[in-house]
Amino acid sequence: MNAGIRHLVSIDDLSLPEILELFQHAKRFAQDMRAHSQVARGLISASIFYEASTRTRLSFESAMLRLGGGVLTAADMRLSSASKGESLADTVRVVSSSYADILVLRHASEGAARLATEYSNVPVINAGDGSHEHPTQTLCDLYNLWVERGRIEGLHVMLAGDLRYSRTIHSFVYALARFGANIVSLPTPGFELPPYVVQRLREEFGVEPMRADGEKLGDLARSCDAMYLTPQKPHQLSLFTDAKGISVEHVDAVYMTRPQTERYTSNDTLPPRPMSLTKQSLAGASLRDAVVMHPLPRRDEIPSELDEDPRAIYFKQAARGVPIRMAILALLLGRLELSAPRSAVDVRYHPVSVGENPCPNPTCISRTESRHVTARYKLASRFPVRGFCAYCSQELPARFVGCTTTGLFHERDSAAARQIRPDHLVFFRDEPQALALGFHPALRPTSPLEAASAANAGSPEASSTSA
Amino acid sequence: MNAGIRHLVSIDDLSLPEILELFQHAKRFAQDMRAHSQVARGLISASIFYEASTRTRLSFESAMLRLGGGVLTAADMRLSSASKGESLADTVRVVSSSYADILVLRHASEGAARLATEYSNVPVINAGDGSHEHPTQTLCDLYNLWVERGRIEGLHVMLAGDLRYSRTIHSFVYALARFGANIVSLPTPGFELPPYVVQRLREEFGVEPMRADGEKLGDLARSCDAMYLTPQKPHQLSLFTDAKGISVEHVDAVYMTRPQTERYTSNDTLPPRPMSLTKQSLAGASLRDAVVMHPLPRRDEIPSELDEDPRAIYFKQAARGVPIRMAILALLLGRLELSAPRSAVDVRYHPVSVGENPCPNPTCISRTESRHVTARYKLASRFPVRGFCAYCSQELPARFVGCTTTGLFHERDSAAARQIRPDHLVFFRDEPQALALGFHPALRPTSPLEAASAANAGSPEASSTSA
Amino acid sequence: MNAGIRHLVSIDDLSLPEILELFQHAKRFAQDMRAHSQVARGLISASIFYEASTRTRLSFESAMLRLGGGVLTAADMRLSSASKGESLADTVRVVSSSYADILVLRHASEGAARLATEYSNVPVINAGDGSHEHPTQTLCDLYNLWVERGRIEGLHVMLAGDLRYSRTIHSFVYALARFGANIVSLPTPGFELPPYVVQRLREEFGVEPMRADGEKLGDLARSCDAMYLTPQKPHQLSLFTDAKGISVEHVDAVYMTRPQTERYTSNDTLPPRPMSLTKQSLAGASLRDAVVMHPLPRRDEIPSELDEDPRAIYFKQAARGVPIRMAILALLLGRLELSAPRSAVDVRYHPVSVGENPCPNPTCISRTESRHVTARYKLASRFPVRGFCAYCSQELPARFVGCTTTGLFHERDSAAARQIRPDHLVFFRDEPQALALGFHPALRPTSPLEAASAANAGSPEASSTSA
């Protein structure tokens, strides 16, 4: 663990000005891909892939080679070291010791890249951790919007298809909201954006989904409920809204996704005619000028007839994955200085001090590699008290929270709960769990006055850390 | 698809003078393999292998590294992108976009490399497409003859073993005939050169197989029918021919092949003692000076006792695969200019405009990747009308051909058939198929005069495109 | 086969002064890993791995890249060429022809690297041949001792855990003895150093195991019989020895190993609580200053609580694998000259001239690749006559030995046996085998005089080659 090293685990590790500055560099690299072979001369990247993903791997390796660096490849770690029982933490420590100057990590467990940063001596790039994050894919998508449209703020981006299971889509919507872009969602029925994604959009960016008028959005909008998600203030929208919902006059980009069938459960069934983006779908009045994006690989959701349409940029989109990764590699390797300020967000992770790991996600690295992981959480909100696993970002399922100082536990939406210092906070699934760990129930206040005194009794600490 | 890019799908993509000039460069590279690391500096090759073939892959990658370039490796694509359902066409578009400056493609389907050239933004090298072509192997074989013998024209090359299933052998015999070399075939009984290979030798190069006198050809000739195939004029041969067949006085090279057991059907059985090239086999009077070649890997068809024989050059042969591939890579990457004229052969591919894909080969890329393929054919002869699949080069099984202008169909060996313009030509397996597609039978002429008028009626077009 | 090429098959291929000089260079490389990219510029290494071993492969490839060279990777040869039935010998001949300038070979069969040297045109580095040798691992271990302690001679190294099945441990103990270091063994009960290892220590280095007093060796010593193995003269030890065994006052390094469970037979069972090195184990009086080493990967034999202990150097140990391999690569590639004299040991291998391959090891390369191997042995001792397989180093199981000149066979511990010249020596499992091969029993001498004359009768040769 080396505090001075910069990693890319989540796109949130970069500030918006940094991202825009990286785009400038990516564009510079793209102008002549063969002219930058001095940048990483003498440096080595290691592709440590616990899941095969040839596309992603090759794009990183191409970027490193184009920067003049060398590449080590472990294209399927599951079959080698891991089979000898080596932990991810140990592998990372060894490979980051002298083998490589930067690690590009792909893993099936959510949070694997975060864990890797805790043990690595060199920068770690998350090249996909389960269904959690894949920040360079998101950067690439944003970079494409920026190249095609000159900006991201204020753009209208239509997302269509399976919006429920696509990791790419979730990261992308957060990033769009963060940049102040507007989202038009056109989900395959039954595959809408999940509630927790909408909740985060609401909490972090003030985004509220509104009904959108499908009239001008092409024939895809006829088969589903189009929604409009915007970080703008409501009064700015009133002009365009009526009973049919907000009218979207101009869409800048249509982002199509494939059905993530490999993640479907027995409850998920695609409609008889899966959504497919045809020339006709693009005939909607608002779509005339929209570029068509897709993270690839595609199956039938974009027929090849569209490939020659000048709006179809999905192959360009993939191509731009190399220069944007060149920029990221150069930055993390210390071969590129940005003048933009780093993110002001200072996320703090608090260790789970009592009881077992509260993360509910069975494929989270905090559960699959428990030996090297100290369970940690980050505080998402104080009222009600909500915590997320520091690794996989899933919410901890806590109806009750306790305080290690007082030994009392409280309903998570109580005033007392709110005042517990993060370092003293314990999450309990339910009352029996709290009791089993030796905590006692706090008295439930019955009036505001009692509530205040009970809160003080239950948590006598200064609330200097309240959010 | 970029018309200006030069690919290597078939050895026919190179003219004979170009091949000879490439040999000069290969020889120059071979003189000091370590002295050419500026040639491809800053460029990247991508090995996209849908079938594992370590030998071939390493020889290309070594060549690229020795030219100073970088290498991306996807050693088994079947297990990665392809498993997500991505088409070859899409993979090629992505990898050729910005990842790599040249693609080296290996695929199990015949025609895969041809298809790749239709979608690639960079040069494609065919590193083996099913049982179709493997042009750099053939170039390597020719290069070895040229290095060892100083020329190819007029050489006598003896081919022994399984001549039926070896892709390497088929490409090699065409190339030998094209260069004006003579072929002595010594097939394992039951594993003779297939009729379609002999037919092409006959049609393109005027080669007719003649019986060869086995007397001076060593003991292998005793167990099989030796044949002599030469592009020379018959009168030049009369001196050496008698009842026992033509007498081959001097063989320059013996090319031994392994039984391609993996392609055998239940009808194919090797003789109890498979053919094996021993010191004794090389004692034939004509073989005293012959070099011994083998594409490797070998099993028992060349025992190790032969390895120290100075005539055994099969390991040198493999070694020369690197410099010849360096020359090819340098050429296609635009880092080597040839002064020799390019091939005058201008092969035209005509789209199949009516009905389904007529290619009979179930493993042809035009059938396994139908989504991205427009079936095409090339006209091989006009009398009778014969067409080959543009991808896998297999002959289209057509007893009848139709004309899209007249709506009539004809026997393929009729005068009328001959005059249909390639763009209007349709191939029909049989009459029912022609009728089903809405074509009508032409009147069958009964006299030469009627024939002529019927032909004109059936195909009123100018025959400006007749071959 | 090229006699002038230098290989690294066994650590015995390097003299002690050479090893120490290599350490100096490794240290120089380690000072700035990125400053040596001119050393192997223009050269190529090929990783030919018949067994996946990502760790070892990446450390070699990193070393080569850091020296500025290129890398070819065949990470699992079993699945490719080998599946087409190609022999190791042929693969080595091809890859060493022009593809690569040095081979790094990993193989499941003991002796594979030795065989490779017989066919390679470039240097071969043994990166592990079955359970036989892995010399760069041993070099790395020694290098770590040298860096941490400044010397190797006279150090006290404690080996703990499964000392029976660990190839790493066996090579390491030989090397320690050769350098004049002292060994304290703390085996898991039932997993002691095998008798043949102790025998070699005794024969080559005069090492006799003595009981060690466990008192000051920490709690691990309580569960097992600690032994002390030293190449020192007994009189030097008398001061420290009493009834409880020799007292080890200071241990320089503890080398912990993992249970090699994959090699266990049904007779091998780990104790209910497998040996585990904890902070408490290191509390022994003699261990206060010991560094803790482990070849990695580790499982439970070193808990992660130890990772932050300053004595735990196992991750540094792995990191040092790169500079030491840089030194080896540079040496064998001819890019590093050593001033130290080469090993004076001149091991002679004698061909097995009569009968079948006497090597008893079914996984020895001399048996798995019999086609390309001439069975060979080296004479280990003359009284009794003992021979080792030249490939896997296992002792040939011979109760009798014969002489090809006299046609007689003798008990291997007879005076006559002793005098047979190695080139005439034949090993027989038992009498029936000797008789079956046409040899006759020698008369058994009954008195010293008769013995001498019988010996002369049985082997009339000059004993100029006696060891």
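We call the chains A, B and C, going by the order they appear; numbering starts again at 1 in every chain.
Just so we're on the same page, a contact is a pair of C-beta atoms (placed from the backbone, for glycine too) under 8 Å apart; a residue touches a chain by one contact, two chains touch by 3 or more.
Just so you know, these numbers come straight off a predicted model, no measurement behind them.
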Superposition of chain A upon chain B: rotation angle, C-alpha, nearest 5 degrees: 120
Fraction-based call for chain C against chain B, same above half, different below: different
Geometric centre distance via CA averages, chain C-chain B, whole Å: 50
Multi-chain contact residues (two or more partners), chain B: 71, 73, 75
Residues of chain B touching chain A in the complex: 41-44, 46, 70-75, 77, 79-81, 84-86, 89-91, 93-95, 97-101, 371-372
Of all residues in chain C, those that touch chain A in their complex: 30, 33-35, 37, 52-55, 58-59, 61-62, 65-66, 71, 73, 75, 296-299, 304, 315-316, 318-323
